[in-house]
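In order of appearance the chains are A, B, C and D, and numbering begins at 1 in each one.
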Amino acid sequence: MKPIASNRSKKDQLVNRARMLISCPDRPGIVAAVSQFLSEHGANIVQSDQYTMDPEGGMFFIRIEFDLDQLTARLPQLENDFAPVAERFSMNWSISPASKKKRLAILVSKEDHCLLELLWQWQAGDLYADIALVISNHPDMRELVESFGIPYYHIPVTPETKAEAEAKQIELIRGQADVIILARYMQIISPEFLKHYPNQLINIHHSFLPAFVGGKPYAQAYDRGVKLIGATAHYVTEELDGGPIIEQDVQRVSHRDNVDDLKRIGRHIERIVLARAVSWHVEDRILVYQNRTVVFV
Amino acid sequence: MKPIASNRSKKDQLVNRARMLISCPDRPGIVAAVSQFLSEHGANIVQSDQYTMDPEGGMFFIRIEFDLDQLTARLPQLENDFAPVAERFSMNWSISPASKKKRLAILVSKEDHCLLELLWQWQAGDLYADIALVISNHPDMRELVESFGIPYYHIPVTPETKAEAEAKQIELIRGQADVIILARYMQIISPEFLKHYPNQLINIHHSFLPAFVGGKPYAQAYDRGVKLIGATAHYVTEELDGGPIIEQDVQRVSHRDNVDDLKRIGRHIERIVLARAVSWHVEDRILVYQNRTVVFV
Amino acid sequence: MKPIASNRSKKDQLVNRARMLISCPDRPGIVAAVSQFLSEHGANIVQSDQYTMDPEGGMFFIRIEFDLDQLTARLPQLENDFAPVAERFSMNWSISPASKKKRLAILVSKEDHCLLELLWQWQAGDLYADIALVISNHPDMRELVESFGIPYYHIPVTPETKAEAEAKQIELIRGQADVIILARYMQIISPEFLKHYPNQLINIHHSFLPAFVGGKPYAQAYDRGVKLIGATAHYVTEELDGGPIIEQDVQRVSHRDNVDDLKRIGRHIERIVLARAVSWHVEDRILVYQNRTVVFV
Amino acid sequence: MKPIASNRSKKDQLVNRARMLISCPDRPGIVAAVSQFLSEHGANIVQSDQYTMDPEGGMFFIRIEFDLDQLTARLPQLENDFAPVAERFSMNWSISPASKKKRLAILVSKEDHCLLELLWQWQAGDLYADIALVISNHPDMRELVESFGIPYYHIPVTPETKAEAEAKQIELIRGQADVIILARYMQIISPEFLKHYPNQLINIHHSFLPAFVGGKPYAQAYDRGVKLIGATAHYVTEELDGGPIIEQDVQRVSHRDNVDDLKRIGRHIERIVLARAVSWHVEDRILVYQNRTVVFV
């Protein structure tokens, strides 16, 4: 399957669009200071979303999209000029050109549905990112992935070779990708791996977390007799299935559905939920604070 | 608020409609034997739902609605004649006249939304049952409940008086109600109480079970940062929040929603989910097997 | 039913919170000008939502919540000072104290579910408004409404007395209410009535508009064999069921549901959808432009 | 993309499972007669769903799954023996071996998402059918389709060549496929074509019918300012977008979504809704009566 027309998004045109993410302790004057700064530098705010966490003395979060003529050339100076403003308010902040695609590394095991969804959305232009490489502990999806013109690496993982395998993965990813997607990758990621990619590693868990943590969630769901099953996309942290939740969705099931039916129905939820989470991440729509996400959609 | 027109349902007309519930080990010929029996007795099947649990050698469940002239007069004989058929297939079974309303006792604490929903649906004729009495460990809702013409009993509960209070509750309910609804009743029901009402005691839990078992589920949900919150109606068993699930539903929330918002949104889910579960129960739509429900809707 | 504790919302405390709504043609510098203005006047922005309609040269919409010490005393001066800013950008704008409740007049015919939902949410403190009066062309709900301490006016409507009845309605409402809710009021509102309340008159239509415009939408839905039914809350305009849509929702139905079932299921959707729309309206979350709404939730 | 393992469904094992569909005027004794017949022939009913259309004197619909040893060999005799029973009740009826795959012809224009979904679900074993061929009025998807090992035919259609093109399509399909799927095929099907495939021709319409009939439904939806968009799978009849509805679903949108966003969101609804409808059709779950479907799921 050849990528006939990839990434044909309207976003290609937005060469002068930037996205600014800020989180800081709330206090009066933040919006005024930032918007004044942008206005003085000739930037036009086209979208902004803001949230202040209760109670008083909480955190302040803002996402601003702005247009600035000759963005690429002027961005370094803009960042330089903004630093003192940011310091005044103790901000965590970033400015990213909207036209600069994030680079993804996708890790996958034997289930192909999440990978396929990402490939299809990428090819349809709905996922504005570069898929730099796919790594799997199984050889099965090589032909599929390479037919999209994307490199595929088969790195087997056994309990004995796990550390070595991770070292190979990191070596392959380093410099090639900013974001790692676990698209039904059935191996635990080590803390060492994680610390290279804080809040840049997204997993899809096949249950409505925090119900059914760990393995075989559909069998657990069947045993409990739930009437809805779900999937959860979350950032990976050291706590198994415990990282900040990005997105969740569910679908109705009934007593008629056995474990295989739950898996089949679940596959559709998983791929939609993961694709949404990845889209929001690459469009700089997510801020993480403690173990929660602020998602501006 | 006076009940202007209660229970105006079309079901009032169904004086000759009966509902048959059967569960038994699956083997060939069950449907034929039952439908042949009904046909020979002049009954006309107007609805049937059937489910066989996998794998082979599993359980068989069927719900049949049939019409029979002069049902009330002929039901005892019909039951008598069916007994040998039932014995041949080792059936658990029941036949209930659709026109015979089940009698509910509602237990409630301080939150009124679930009780109000049941009262409204009862008054609108959507809940085909008699509400025999309301018992509360608080006095607050007396005026509300009595305005519907329903008796209200205030039985305070303290750790010291719990056993005595339960004894009073059982005495009030005995002979008055077949089904007990915990409409946000915030006391644990004792095993002694439970054994009087096997699979006749329905609770609404304010979370998507099995996530957030126990107290303060909305605070737990907020802390975990979930993107959907839910409610679960289930039969009460000795295991806290562990009984067979009847119905669940969820609603989307976001980082903007604090614990109070989750409670407010949750109230709407709770009342809808509980009302659905109670309707299905009083319409003989639920069979329980082990810790799971078969719900024919 | 006595209102035990009405409007106990946290919002009561927000005596210094104001909401600013602005719509104007988009051009650079709007956000900077407004936030700079607020900052200079000592106001602290706690929430802002913004939307620019595509394409270039489109409209700009913003909703800002801000806190200002001694808001009530200082608001007239603030409005005065803002006028030149607003004029510079050709703004439609308003500033409303969050603590000032909007006053509702509810019109109803014979179906009580939407009215009951509003009364319950009002009593629970979820609907932050005053319900000034209820007007009906039927006498049925007097006892219910008066039990909430709310005046009830029965104004019969016949084809011959319609103009006269509307005159009476307007007279009752004038000075008592800012917003009119048609909670299943089954009479057409005349253009003369409408022009008194531009974008202040909310109707609930019992279908997913624009499907099934006009009367008997559930019968129409049944005939068409749809698999989802819905409800639509919209501002009333001269075009029947054609005004700006505020909110819609749907629920799944099947071939088993006859027209009465659709009505029953529909009642639950209608009351939820209308209550959401009214809440958003009274919280100044809706801007109308041409025949579309911008809803900041 | 090579089909690594297609149609690996559990259903492959069901060599002795058959599905019986019956519709007829309702009268007493139908279920008894059918279940007695099956029992006497040694068949074991494993699933049955039944529906009687109100009011009295309405239609009766039943779907029965049964197991019969040596089904393939005995089916002709079974059908022969059932004919008199069917005649007695004026039944429309069919018995299909569950293991016999239906053969699909897919027609497509330029949008590939619905076709892709069907190919994936087929390859994953979730769609239990043979995809016999794909026909398009555009050449674009040849490589994709052929990579699945499925024949692709490019038949251009112009106003002048429409009749000739249809003749070619019919010739290609005849004997190769029983069911025709319009997977975003943007040409009107002629009445001549339709009469070859009564209730065997499924279309996906990109709106929540009956809203937005005809072309450019997403532009219509945007103009109307709806808050939910949908898709509808239906059997094709001579009335444009007016045939019996099989399945519908919707997703929430907001003022932020322009027409392109609606199309993007809509693509996900369309493919899910079409795939569900096709699955139900090939599993003999749908009966059509007048302009409505009875779907036993």
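Note that in this section contacts are C-beta pairs under 8 Å (C-beta built on N, C-alpha and C of every residue); 3 or more make two chains touch, one makes a residue touch a chain.
Computed from a predicted model, the values in this text were never measured in an experiment.
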item	value
Same or different contact residues where chain C meets its copy chain A, judged by the half mark	same
Chain located farthest away, centre of chain D as origin (C-alpha)	C
Selected pair, greater C-beta contact count between A-B and A-D	A-B
Rounded Å distance, chain A centre to chain B centre (Cα mean)	42
Intercentroid distance (Cα basis), chain D paired with chain A, Å	36
Residues of chain D engaged with two or more neighbouring chains	51
Touch list for chain B against partner chain A, complex	51, 54, 208-212, 223-228, 230, 244-250, 254-256, 258, 291-295
Chain B residues within the chain C interface of the complex	1-2, 4, 10, 113, 116, 120, 124, 126, 140, 143-144, 147, 260, 264, 267-268, 272
Chain D residues within the chain B interface of the complex	28-33, 35-36, 38-40, 42, 44-52
